[in-house]
Amino acid sequence: MNTIGKILTLTTFGESHGPAMGGVLDGMPAGVDIDLDALQRFVDRRRTGQTAGSSTRDEQDRVEVLSGIWLGKTLGTPIGFIVRNTDARSADYDDIARCYRPNHADFTWEKKYGLRDPRGGGRASARETVARVVAGGIAIQALNALGITVTSQITQVGQCRDAKSCVSQLEDELQRAMADGDTLGGIIECTVKGAPVGLGEPLFGKLHAQLAAAMMSIPSAHGFEYGDGFEMATKRGSEVMDLFERRADGSIGTRSNHSGGIQGGISNGEDIVMRIAFKPVPTLMREVPTVDREGNPVTLQPRGRHDVCVVPRAVPIVEAMAALVILDNYLIKKTNVL
Amino acid sequence: MNTIGKILTLTTFGESHGPAMGGVLDGMPAGVDIDLDALQRFVDRRRTGQTAGSSTRDEQDRVEVLSGIWLGKTLGTPIGFIVRNTDARSADYDDIARCYRPNHADFTWEKKYGLRDPRGGGRASARETVARVVAGGIAIQALNALGITVTSQITQVGQCRDAKSCVSQLEDELQRAMADGDTLGGIIECTVKGAPVGLGEPLFGKLHAQLAAAMMSIPSAHGFEYGDGFEMATKRGSEVMDLFERRADGSIGTRSNHSGGIQGGISNGEDIVMRIAFKPVPTLMREVPTVDREGNPVTLQPRGRHDVCVVPRAVPIVEAMAALVILDNYLIKKTNVL
Amino acid sequence: MNTIGKILTLTTFGESHGPAMGGVLDGMPAGVDIDLDALQRFVDRRRTGQTAGSSTRDEQDRVEVLSGIWLGKTLGTPIGFIVRNTDARSADYDDIARCYRPNHADFTWEKKYGLRDPRGGGRASARETVARVVAGGIAIQALNALGITVTSQITQVGQCRDAKSCVSQLEDELQRAMADGDTLGGIIECTVKGAPVGLGEPLFGKLHAQLAAAMMSIPSAHGFEYGDGFEMATKRGSEVMDLFERRADGSIGTRSNHSGGIQGGISNGEDIVMRIAFKPVPTLMREVPTVDREGNPVTLQPRGRHDVCVVPRAVPIVEAMAALVILDNYLIKKTNVL
Amino acid sequence: MNTIGKILTLTTFGESHGPAMGGVLDGMPAGVDIDLDALQRFVDRRRTGQTAGSSTRDEQDRVEVLSGIWLGKTLGTPIGFIVRNTDARSADYDDIARCYRPNHADFTWEKKYGLRDPRGGGRASARETVARVVAGGIAIQALNALGITVTSQITQVGQCRDAKSCVSQLEDELQRAMADGDTLGGIIECTVKGAPVGLGEPLFGKLHAQLAAAMMSIPSAHGFEYGDGFEMATKRGSEVMDLFERRADGSIGTRSNHSGGIQGGISNGEDIVMRIAFKPVPTLMREVPTVDREGNPVTLQPRGRHDVCVVPRAVPIVEAMAALVILDNYLIKKTNVL
């Protein structure tokens, strides 16, 4: 349940205000060079306090690798790691122990388990994503060694589309929402370049099905599409045909990429392109009406430290999840022939 | 790879023009009443030849249950079943053995495995979905016994949106595309009613992540969203807040359902609502340029029997996949407390 | 639950007196030559009626492959297969529906599931092993292509040890037990030759742990050991040391094989040797006292058709299970490095 | 590969001389009372230096729980924990980096992964078992709350059988072997009392198959049997029949327990009894001839700190593995009916 992957598996643990977040990345091939400084820099990309509207919670997020890497190389053994929680102020969260915040997991979690850790949302906090980024950062280094790269960009925040060409507009949008005590959602587009033909397993293990599961498991994700995605539903077959051609090097490729680099659930050698939609942050910086455990109306006062929009911080998380899925499928592919 | 689920698992097999399609549904609880006639009727909903623009391939699709059900009740043992392939005309497919059809799995499959079964697309054919529908039909009967229902509707086909209120328009759209030798995509919305609070497992097993994986594994699926989905990205937090209220029966629910019945990856007792986008059928009824194995240009002549749009036939497939995921999570939930 | 393996997985189904037994072998690499006649001959080795004391139930056990193999080669797709049950005489089993046979699964099965299929033991019948043998027979052909062989021999039946050198003694032992309406257990030793160094995964996936699980899942198995096994407990370390040596071809091997070809859970290139102990058949051909559902004493009359000893028929089953585990680990090993 | 279990899963990590050993116990039901002091005491039972012939390596083995338990109760979230390695003296192991110790995992590990961590055997060290004991200790507390207990006893060490009745004899046997610079193996018998009827899943998930896999994954294990085990092979069916009877409380049980509490792979309510054979410790305190990487003869000098016999320290490990399997199956059983 807290594990993802088939050969390369990531198992994570940790509550937001417990002693530490952590994970175990198992199935990493042996002998892969890992640069721990580069890994720390990748993890730092996710940290709070780096863009307008980010939570002011200040976590150093120092990655402590406990096993699986020795003298700069993977051993083939599970890579255990932790990231200490150092700036947890549990007093901020006392009132949410008695009532359910709208669009949060308070209600569902408590009904499911009979109890919950209210400190910072416990396990339901987006703080869990730090473990994803550590593991994904390791996977990215392995992929890079194979000539495969993973990049992402914000393509929408609130009403601001195509944010890449308008970074200032994005900042403005965030500032306006923050001024209103409100929050924003957005879309991230992720591209994997250099993946070989043949990644992804029919039937239930289609590459895009695995990517969808991985991306939708990120907190706040509400939609996933690859290639032309939902636009496909409005098109005719003749409009989205990725015709084959022989390239200069003799290889076969497609002239367009409506399919997003995946056909029949298997990568076709073109760029793998997907988009993930995130909902607005559910915690507003204004009073919000809700109910307590007995269903009595109560008013939540704004407190705690929260992002206005998760999208800027979600960029390395999306890349991390993509890398884990791609590397796992790279390994699985090795078993397709004797 | 050909298995989905954790406690309730479905494993399927079969090539389009092989002797039979089939599957094993394992983990079904014992003592559940199964009406095999009702099951056959559910499977019949998927069959070809029932709407304009459907393939004229005529498969009777008679479900043959080989184990796991005795005297109308499940035994707790795996339910093995097959559906014979009776109307396979492999001669129709000789030419596609030598070249790659655009937007099909021919190229990727052959590169991945070193060989492929070209007869009707082999395992990559949408014919594999018959096994999903058999298994899903069994799961639906179990869910119904629990007071949980799964329904779906087409909400878009090509340019025709909100198709539910315009069935004649849908037929027109299909006829126009068919007249052009072209094809269409579309969107199906699926709703699960009556699911209890507490389905879905953090972290990687969020209910919507599992649903996304299941739906995206359906042939031709290109996008998945739940609740307000991609629209969430354009909204402010204050616009999509599902406020809690105490209901007449004393239970706690939400006044709106932007979250699509899932919060924090766990069902909250409201309707679970999701939408799946399908691409247009890749086989056109007109000449299509492509390449052969060596990359030489060739022209594909229109032949074989193909749907103009998969969406009408995909409705029971979507319901089947939803039912499998919901029932699996219903069983997993039982293990959340001692 | 009815699935074994990680990359190469076997899922089986079928009740003894239902329409058919069957299975799905998934994860078989593509392009492997499969001789279906040789496969049938392997399956025939398990059939009843071939040695003294075997059940007189006459099943032809004709293997019907439904998918995954085309033109004599594996496709990389799941191999679905069935074996029809043709000689089921359910009338023989009416009385056991009301009472619990000692040392059988009647009591435990009924308490677990709330109901059971009493016809021939249902799913708990050793007839399920036919699906193991089909799948294992396919795996053996793949292993042979890799230069790996799997053989087995009976090393004990009742009081008769080292049965290989005394086939006539084995027959006598069986005849004596049969004359008394009694039954026998025994031991099978299985040897895998030609396996490369490196099969098996630490920690929980040690090769011998996987082999133990596979062998202990065979009906009637009561013990498993590899190498010197239980004798190891009585020895000093200096007595069981497999000292290394450089061989003529420059490779490194061991002078002895107390370790049974596995060190640290990983194959070391020597013969992999294991032994499996089977209990005596629980159905005697004499009156047996037992209880009915309410606990009232009843007497079971001897009826039905049963083996005196499962060991002769278990030989190909043991080989099948060994082959499935070895081939699975051969595939997993491919993922140990990038 | 480093994960065991289906619903209740344990994933472990750590090299002997790395910063820490650790694990993630996922799937623990919520709301279970956990006494961390009692857990530490259970872990202490495994520590070195407590019996004659134990390694003099002095690890405090303080358990640090990082998540999943709050205010003395499980949260339903994964329980992450670490145990620091504090007394690692890597200098002791420099020479074994260049040669292969007989009956160790040096050779197989290096051939499999292309490299290995020679410091104290790395991941192949029995030090990994500390993580098993932590997780198993938590499972035991949950089982105890259900009225299920797990106990073990040494039944053989070297030539000393039935060690329970002769503790002084065991000490003598250890002292003699130590004086010779030699080592010993032994047998542990484990008994689970109070388990309900119905644990274990046919077909491949038979309770004894799962127990066998779990026990055989313990370092140095070479054999597994349950009930009468290997003795079954020498007996007639009439000698090992566990006849049913109605007990005073109206329940049905068996008069004997040759079956070891498991019939048809499912617990029958009697005591679950199994035995595990361990090989002698492979590291002798005398010179041992071996080869280096190139196959050249070298002589290993005795050094490092090692046990004369693993069996005394393996007792809590056996109990831990039994508890993990039993609790996992207790949870799985909940899904057998709707």
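Chains here go by letter, A, B, C and D, matching the order in which they are written, and residues are numbered from 1 within each.
Note that a contact is a pair of C-beta atoms (placed from the backbone, for glycine too) under 8 Å apart; a residue touches a chain by one contact, two chains touch by 3 or more.
A quick note: this is a predicted structure, and the numbers were derived from the prediction, not measured.
Counted as hops between touching chains, the shortest connection from subunit B to subunit C is 1.
The chain pair with more C-beta contacts between its two chains, of B-D and A-B, is A-B.
When chain centres are defined as mean Cα coordinates, B lies farthest from subunit D.
The mean-CA centres of subunit B and subunit D are about 44 angstrom from one another, to the nearest whole unit.
We define each chain's centre as the mean of its Cα atoms; on that basis subunit A and subunit D are separated by 37 Å.
Subunit B has its Cα centroid 26 Å from the Cα centroid of subunit A.
Shown for subunit B are the residues that touch two or more other chains, namely 1-3, 12, 27, 30-31, 76-77, 112-114, 123, 202, 332, 336-337.
Residues 1-4, 12, 100, 102-105, 107-109, 111-114, 123-124, 128, 156-159, 177, 180, 182-187, 197-198, 200-206, 208-210, 212-217, 219, 221-230, 232-246, 250-252, 254, 258-260, 263-268, 277-284, 286, 288-291, 294-296, 332-333, 336-337 of subunit D are the ones touching subunit C in the complex.
Within the complex formed with subunit D, the subunit B residues making contact are 7, 27, 29-32, 76-77, 142, 145-146, 202, 331-332, 334-338. Looking at the complex, you find that subunit B touches subunit C at residues 1-3, 9, 11-15, 18-24, 26-27, 30-31, 64-68, 70, 73, 75-80, 82, 112-117, 122-123.
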